[in-house]
Each structure stands twice: as structure tokens, then as C-alpha cells.
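The next part holds the structures, each set out as C-alpha cells.
Here chain A shows up in two complexes: once beside chain B, once beside chain C.
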Partner chain A sequence: LFFSPQFASSFSSETALPPNLRLPSNLVDPDRLKRPPPPEDSSLPLIRKCDAALPAHLSPVRTWVDTLESKDSEPLGLTELHPDVFAVTPRLDILHAVETWQRNYKRISHANTKVRSEVRGGGRKPWKQKGSGRARHGSIRSFPPLKLNCGVSHGPRGPNSYYYMLPMKVRVQGLKVALSSKMAQQYLHVVDSLNIPTPDSQYLLELIRNRHWGESVLLVDVSQEFPENILQATANLKTVNLIPAIGLNVHSMLKHEAVILTLDTVRFLEEKLLWHDERYTFLYPFKLPYSDFP
Partner chain B sequence: FVLCFHHKMSLGLLTLRALRGAPGLCRRTPAATGGLRAASSAAPRDKRAVITESTEEYKFVERLIPPTRIPDPPKHVGAAPSGWTPPAESPPPLPYMIRRSRMHNIPVYSDLTHGNRRMTLVRKVEGDIWALEKDVREYLRQVTGKELPTQVNEVTMTLKVKGHFEQELKDWLASKGF
Partner chain C sequence: RTILCFRILSCIKLCHPVLHTDLICSSGTCCQIRMHPIPQPKQVDRWNEKRSMFGVYDNIGILGDFKAHPKDLITAPCWLKGFRGNELQRLSRKKKMVGDRMTTLDKHNLEKRIRFLYRRFNRTGKHR
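Right, the complex of A and B next:
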């Protein structure tokens, strides 16, 4: 079960929940957790081993490999996933930082108000400085309650950009943390490829419901060309979406409940995300050629 | 890159040929003019310049392009001349693990803030960080004789100790085999 952070502590004696806690009954779908991770002595073949070198003190994460060919089919085999990508410490602060960055770096707010010099009119002194008995003013546009259409002195000024960039390694760590969290909560599934027999949306929805994947599903493939059947099936579905592996981002992973990766996607992600752990800082931008850029 | 390189080469050849065509203009060394004259007289009826494109010389450019990955350090017998020691072959049987940095060094750093606040930071800890904190406190008590305040950050998995103990902690961790 996934405990909220305030109850998790490093002291193992305090794992019990407090007695006066009331949790909603639909917090965790019990059917989804019925499939445990593959045991050590499983009879299914190991389809893929990790390409990169593993650290000596960590062991790879094992998951089932499913198919989308039929609705109720057994898993095809097992895969090994690299622990430095799929089993990192769950840094919620990095996830929050990357998610807020994704929302705000594209934001340009167009809120604009006119200052007293920009409001039409108001060049003339309304009444003389001394002798009228009223407060002294220089223009009718300076501030209320002189006249309604006055200028705003400290309002929003023009199109304002909220652009900033997080360091590359922080964004990469955000991706790794998101993948690890999905893995730990059993929302991440590996599939051999995205080929389905029919271009029917109902088939996909029933498949997802049978396997208890969740309400919304994100299907990730390496190439930007997807099979025709899956394109047609997901075209009219709002909760099931396709994305190429280069477009994978923290916001999409948090928005969709389940994330489905193909074996090629897993290899691609491991290669790209692990390169950041053992790279030099750049001499010139990475867009220009290097001898062993991944 | 290839096209511009050969563009410059072919431009040079064209201008030299044009100069040779006009009499009295080329005053280069006899060896150069002799070689070039032989090349041009081999095909005098081919008025148009033949531009050939070859990628064989690109290997000279390729060997200059730098790599991106940090290579593994070479194998030394014992310690390297600088004092660097490689990590042990198998990780030590302790409840915690301290990984090496990307440049294969021990991740212990000293910090100086406010002009007089000295701290030592141990990063990249995995496993039971409280056991590491107990061992570090025990070891520094033996070394200095005083109880030093420490701070454990469980979120970032780092350990801070008051005072500059970078070299002592690095030697201690290296002796443990991290």
C-alpha cells in the first residue's frame, strides 16, 4: 500500500496507522494489486536483460511482459529493468519542481493595465493649486476617487514571461523518479509491441478493464509512426493516449494513471537516461556533433 | 562539414588553374608548377572542372571530436601516484552504501558559509543512513575526542557534520572499501 509521506518514518516500529484515521474505501483498487511481481523461480523466459552495466550493490527490477493481441492473455515473459532508472529514491520535491516548471516555463501572461500617462486624456490640471478648498491634483487620471477611469500605478505591465530552465540533470532525475514511482505503485506495465488485432476502441477499453490497469492509460512507443489499428482505436478516446518516447514527460506521466512501455521504449529510455549519470559537462552544445552521443 | 572542406579545396584548385591559364601570372616554385602542369596537361580537352567528393580525409576531423562519456580509470596496482584508490571489487557488507561520483571520487565535500561555519558533506548515500551517521560519529569521536553535531537529510540522503573532516572521512571510507 502507498502510505502518504506524513506517516512514513525511518523508525520501523511506527508502521501502524493511527487508530482514529479514516481512509476512503476506493483509495486503492484491490483487484489491481492481485498480481504480485514475478517470483525468482518463474517458468517464463527472460526476454530482455539490461544492456548497461549495473552497479554491484543493486539488482535489476523484474516485471512481466504482456501483449495487447488478445484481451485475456497470459504474460509472455519477464524483463529486467535497470535500477538506476526504475528504482531510484522517490524524490517528491524533484517531481513537484519539474511539474511546476513544465506548467510555468511556457506561460506568458498578457494582463496589462494603463498607467496614468497612458490613459486617454488628463493632461490639464483640473482646478488651481490653491484657493478652491479641494485636494491638490495634477490630472484627472491620477488615482480614484477623482474620476473612475484612472490609471493603475502598480498593476500588471504588459506581456510578462515566466520562462526559466531547471538544470538538465534535475529534469532527467524527475523523469527517473516518475518512472520509479509508477513502477513502485504497480502502474507501469511493459508490452512487447503496440499491435492490436482490431481498430476498435471498445476492445482497448475492455482490455484495460480486464487487466485492471487504471482509468487513464499512456501508451509509449519509440518510433513516431504507430500501427494503424492503435491510431484509430485511440483517436476518439480521451483517457487513452499515445506518445512517442521522445515526448515522455513528468506531467503526462502524472496525468495518466497507467503508463505502458514497449520493450524498445525501455531500451531507449535506459540508454538516454543513464548517459546523464556518466557524462562530462558540455564543451559546446550537445546539438553539435560529439563522437559518442547516445 | 565535408562539403565545405572540399568546396575550399576545389576553389583553391580552380583559382590555381585560372592563374596558370593566364601567362606570366604564376610565379610559384618550379616543383609546384611542374606537378600542377602535369595534372592539367593530362586532360587538356576537358574544359569543365571535375569536382570529386570524397569522405576519406574526414577521419582527420573525426579523431578530433571529443567524447561525451567519462572513461573508466586505468587499473593501478594499489594506489595511484596521486593517492587515488579504486573502490573495492565487491561492495562492503554494511547496511549502507556510498557510491562514487561521476569522476570516480569519494563524495565527501567541505563547505564554508557565513565566513566561519565549517561543514563536511557526505553525498550519494544509499541504504540505512542512520547507521552511517552512528559510525561517522563514533569514528570522529575517536579522532577528535569531542561529540560533533551531525545532520541527516533523509530526502536527499546526505549527511552533514560540523567541522572540516574531509580528508579523514575520505580515508576512512576508502579503507572501508567504498
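Right, the complex of A and C next:
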């Protein structure tokens, strides 16, 4: 991307943006936006309705349901998605918080420097305290310029961890915000299942290019066992990745342009993410058995 | 006119070969100007295995019935898994968990450092 620098003159019109706020015009692929969301009076069948009870003031989000069976096929039907998971207000601050948490909580920095007591040698006083005319020192390892291999007093110390946990509801809300943002920008697609006719990577790439899904695609399925064909097809592809629904996270959703969910995944996600809206706070960690929670 | 000339081997023999990445050019006068060529930008593969699968299973607790916790995913020395603290806390935890397996020199240095930090934090300064 190269834009010619334009200097904003004092006589510029009122509608001209300053150069640091101007967006490039090729950010959004116009072919992807050619297919509008399904209208109210669509003839295709409604495959799935929301399981959970919807609040009265919210209406479900409707999306197309596609197939991966053939490259250019019409959508099979419509699905209804719960608005409290797929149409939440886009909270960028929560997304940022969850993304930085994902980067940092696993981080262990192994940077280590030796202190003057740990550097080998340097127990003897190099010259006597008074009389030699030089600055007074206690060991050759105390500080430069005495000897090059001196100890560092305030350097990084040993393997250091940056672990912290965000509250559970913040992480859940981060997932919901990420899903809703993908939905709103039309990067989220629902598919009935991940069955492909051939284990060919080229077939997948052409399918993605025909449907204008984007450069990188994240395929999510509920179970840990995937069909053989799709495993082989995605094995050699770098930008098309396959994860189980348990592995869904904000960083992967932001890294990949398009996110493809199956109908089972949608049901699983709604069930898991909506439970946190109406639950009591825990008295002891959830991994210990509760009487009413599986 | 600039004449590019490369480094001339000096008649003084060095005990090890020296790598020169810079060029010397002289503009005709006796002073020599040293310059480095513009380095190549390093090629980073943004879609290798580690980068494309980063962060997967981070929500294993929320989405997986709380059988596992994300802190079980961290690869770290055992005294740092799911733990954060300042240096004194880290070292005392290391001594508790791994102390009897350490080498004598390491253990000695660890104890010296703990003793120093304890005295520094609890006896000097404003916050004691």
C-alpha cells in the first residue's frame, strides 16, 4: 500500500481528513459485501432456531447456512443466532484486554544476568584502601570500568513470569465481542458440516476464493475427531486452519480473516457462553464437583 | 570522484580472523570514510505453525467444562507455572520446590541472594 503524501493546506475543504486519519480504499473487498444478509421473506427453510429463551426486546440474528460439498452452491437455508452472543456491542477495550492477556499470561522471560556475588572470582580486594592513589574498590567484579566481566546490579533476574488472569466474565465477554464483530463485518459464516468431497487443498482454496471469504480462514468444529478429507486438505495449508470448538479464542479469531462455524459449534458456543450471564458466583473453583453443574 | 577500495590486509598478523562488514571509500583525499551497507530486512513467516496456532485452547476452562485451567498450558519451570511474584517470592518458591535438586553452587548463590533481598526489602528503604 503506498499513498502519495498530501499536505493539508490551510485552505483545504471542510470534508478533507488529515492524512493520519485517512483509510485506504482497498481495505474492504467489495465482492464479499455483494451478498446481503437474508431478508425477512426468504424462501429458504429455517434450519435451526435458538435453543435458549430470547429476551423480549431482542430479535435473533439471521445468517445463511452454506455447504462445503461443491465449490459454487447456493446456501442451504437460514439459521437464527442468539443476539446476546452474536450481536453484542463492539467493546474494543475488552478485545484489547483479552488479546494482551492471551499474549502475556504464558510469557516466561529467561533473561538473566549475574550479580557481582555470582560472577566467578572477585573475592579479593584488588589494591589497598589508602595510599595507591586510585579509586577505592572492594572486588574486581563490582562495576565497570574495573573489569569488563562485572556483575549487573539491577538487570533481569532469572526466569520471570508475567502470569495473570482476567475475570472469567471478561474473557467470556471478549469471546462474545469477537464473534459479534466478525458477524457484523460479514466475516463469520455458518456451514452445516465440514464434509468435503475430495481431500484436495486446491479444492478448498478455490472454494474460498469463489465465495470471497478472505485470505485466511479458521474452521471450527465441535468434536475432536474431524473428517479425514478436511484433515488432509488443511494439513499443508498455512492460512487455513482447523480447530475444535474448545480451542476457540480471540487471538485466533483476530488473526484469521474469516471464521467458519458449523451448526453444532454454534449450539455449543451459545450454550457455554450464555450460561455465564445468569449464574451465581462460585464459592469454590468450578473444577470441584457441584451438585447442579455437570 | 569516489574510489571504492576494500580493506588492505595490514602487515601486523592478528591471532584471529576479523570480519569486516563495512566498506571504506576514499574521496581522493587521505581521509577514509567507513560506511555500512543498508541491511536486508529480515524475512518473518507470519503463518508458521507456532504463530498460526497461537492462543488455541486458552479458553479451555470456559468452553471445556472447567476440567482444565489455562495455567496448565504454560510451559515453564515448575516453580513458575501459574505464579507471578517479585524476585524474593520467586526465589523462595524455587528453593521450596526445587532446592534439594539443585547443584551446590547454585543453591549457595540462591541462598545468598535470598538473604540479601530479604535484608534489602525488610530493613532498608521507605517500605519495610
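Criterion: the second predicted complex is superposed on the first by the 267 of 294 C-alpha atoms of A that agree within 3 Å, B and C clash if a C-alpha of one lies under 4 Å from a C-alpha of the other, contacts with A are read in each partner's own complex, and residues count from 1 in each chain.
The rule is short, and it goes like this: a residue touches a chain if its C-beta (ideal position, glycine included) is under 8 Å from a C-beta of that chain, and two chains touch if they have at least 3 such contacts.
For clarity, every value in this text was computed on a predicted model and none was experimentally measured.
Student: Determine, for the superposed arrangement built on chain A, whether chain B and chain C clash or fit.
Tutor: fit
Student: More residues of chain A are touched by which chain, chain B or chain C?
Tutor: Residues of chain A touched, chain B against chain C: more for C.
Student: Using the superposition on chain A described above, determine whether A:K106 touches chain B (first), chain C (second), both, or neither.
Tutor: After superposing on A, A:K106 lies in contact with chain C but is clear of chain B.
Student: Which holds for A:V172: it touches chain B only (first), chain C only (second), both, or neither?
Tutor: second
Student: Does the superposition put A:S252 against chain B (first), chain C (second), both, or neither?
Tutor: Second partner only.
Student: Which partner does A:R116 reach: the first (chain B), the second (chain C), both, or neither?
Tutor: In the superposition, A:R116 contacts neither chain B nor chain C.
Student: Can A:R157 be said to touch chain B (first), chain C (second), both, or neither?
Tutor: A:R157 sits against chain C, while chain B stays out of touch.
Student: After superposition on the shared chain, which partner residues are touched by A:S291: those of chain B (first), chain C (second), both, or neither?
Tutor: first
Student: So after superposition, what is the minimum Cα distance from chain B to chain C, given in Å?
Tutor: 12
Student: From the superposed pair, tell me which chain A residues show up as contacts to chain B and also as contacts to chain C.
Tutor: 286
Student: If we count contacts the way the header does, which residues on chain A are in touch with chain C in the complex?
Tutor: 102, 105-106, 108, 115, 117-118, 157-165, 168, 171-172, 175, 216, 238-239, 241, 243, 245-252, 255, 268-269, 272-273, 276, 285-287, 294
Student: Sort out for me which residues of chain C touch chain A in the complex.
Tutor: 47-48, 51-67, 69-71, 73-77, 80, 82-84, 87, 90-91, 109, 112-113, 116
Student: What part of chain A is in contact with chain B in the complex they form?
Tutor: 10, 55-57, 89, 91, 93, 275, 277-280, 283, 286, 289-293
Student: In the complex of these two chains, what residues of chain B are touching chain A?
Tutor: 62, 65-70, 89-91, 97, 99, 102, 126, 130, 154-157
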